[in-house]
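Single-structure report; data block below.
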Amino acid sequence: MEYINQIKLEMRSKSENEAFARSVAAAFTSQFDPTVEELTDIKTAISEAISNAIIHGYQDKVDGIIKMEIAATASGRIVIIVEDKGVGIEDIDKAREPLFTTGNSEERSGMGFTVMESFMDKVIVESTPGEGTRVTLIKVLDQTNGF
Amino acid sequence: MEYINQIKLEMRSKSENEAFARSVAAAFTSQFDPTVEELTDIKTAISEAISNAIIHGYQDKVDGIIKMEIAATASGRIVIIVEDKGVGIEDIDKAREPLFTTGNSEERSGMGFTVMESFMDKVIVESTPGEGTRVTLIKVLDQTNGF
Amino acid sequence: MGITFEMIDDILIAVLSGELDHHSSLEIREEIDHTFDAFQANNLILSFEKVTFMDSAGVGVIMGRYNKVRSKNGKLVLSGCSEYIDRILDMAGIYTIAKGYPSTKEAIKALRREKGE
Amino acid sequence: MGITFEMIDDILIAVLSGELDHHSSLEIREEIDHTFDAFQANNLILSFEKVTFMDSAGVGVIMGRYNKVRSKNGKLVLSGCSEYIDRILDMAGIYTIAKGYPSTKEAIKALRREKGE
């Protein structure tokens, strides 16, 4: 897959950066004339992945490093990779189930991965306990947009 | 200097990324309640530095990598570093003179560094011919902003 | 994210505005609970009309408030959810614990109607 | 960045809108020159009223158009520059080659006055 444009971003595991990551994704993706819905879908999925890295990966510690990569292919595919070096996930299949959460059940709904899957065309989760997690989100933009 | 928040961004030397880099800087800096003028000053200086990396550093080749770092200190200092691995600058003092340009004189005004200096509180230029250039831009935000 | 409150009878109306994510949910969660207790409210309307962005953190906020309101034998209802927010809430099964109405006015009417029964 | 044109007598008015940087300057430069030739204009007004961002690439655009217009013995004038754009143009000494007016109307008047002389 050849990318026509690509950026890499490194940020700290501070919750302020959730909004920042969404803005960056919106600014990058805007180059490719997405619809308002496509842009919102992408922002929502990224928000889930970054929040997960902060809350679960780094367990609310603010000095973790989160990497985000966003790339676009000539065929209108937006590929986003969110990576943390946090605690990792023991059972990925279970983690992806709707309503499953290891977080504070008063705060977390266990719907993060379900939302990502619903709003993106593909979600790949790779994780090693003790080493970290890497979530790949793929969205195929509507070709009629003049891509 | 301890940073309260910091991001690192890597992008390609494509001119579309000038606007993208400005958006990223605006999204990051907005966390610290800058005035509209301060935000515009920062966006303008960054636009000059990124354009220079693309036009002069990588001589309009689109596959160069530009690194941008933005950090904020508790005292309200915004520190931006723009780095390229391009051709570098032979004579930095001369390059910083108003109206000096090695670019196409129909297109480039030679005012890039002058604009950066005028809109930022400090501009540091480090460069090695054949290795690349690193521009550090510092802006002290107005403390009364509730920083 | 901003939040403003209004009290009608024993109904607290919390009008959320801006972006509702994990970061902003931390603050508004406390603000809602604190105001709910201070005003001795029994019922709660969460108004989403001015919410410009929401992810699953919004679902968490609603579930937490549901438990709070239920402890007072009150009701939680939602108003002004966009099609987009609706999709997330529906996915999470939120409408089985809290009904949604197009506007706050209709939400108030519905709460009053139930009390009248 | 967008650009729209209007022709009054032998004056081409180019109304720029959006963000003027190195990237966008590449396109509008050509568009202005092409339109200037096609309409056989002699004078050029660059309107900045709708420009929301500009860096020194804007200075380059003006200098290049100045050379173009001068080759037709015409005049280049600017209109609607914000205080911010003004600061950059002033720094670059642009006002020694092109006068600036608050509005396009005043720019047209000034060009006509000069012709009348």
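Note that the chains take the letters A, B, C and D in the order they are written out, and that residue 1 is the start of every chain.
We adopt the following convention: a residue touches a chain if its C-beta (ideal position, glycine included) is under 8 Å from a C-beta of that chain, and two chains touch if they have at least 3 such contacts.
Computed from a predicted model, the values in this text were never measured in an experiment.
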Chain whose mean Cα position lies farthest from chain A: D
Euclidean distance of C-alpha centroids - chain B vs chain D, Å: 27
Chain centre separation (chain A, chain D; CA means) in Å: 44
Of all residues in chain A, the ones touching two or more other chains: 16, 19
All touching chain pairs, where touch follows the definition stated at the start: A-B, A-C, B-D
Complex contacts: residues of chain C adjacent to chain A: 19, 21-23, 25-26, 29, 53-57, 59-60, 63-64, 67, 84, 87-88, 91-92
In the complex, chain A residues that touch chain B: 5-12, 14, 16-17, 19-20, 23-24, 27-28, 31
In the complex, chain A residues that touch chain C: 15-16, 18-19, 22, 37, 40, 43-44, 47-48, 51, 54-55, 98-99, 106-109, 111-112, 114-115, 118
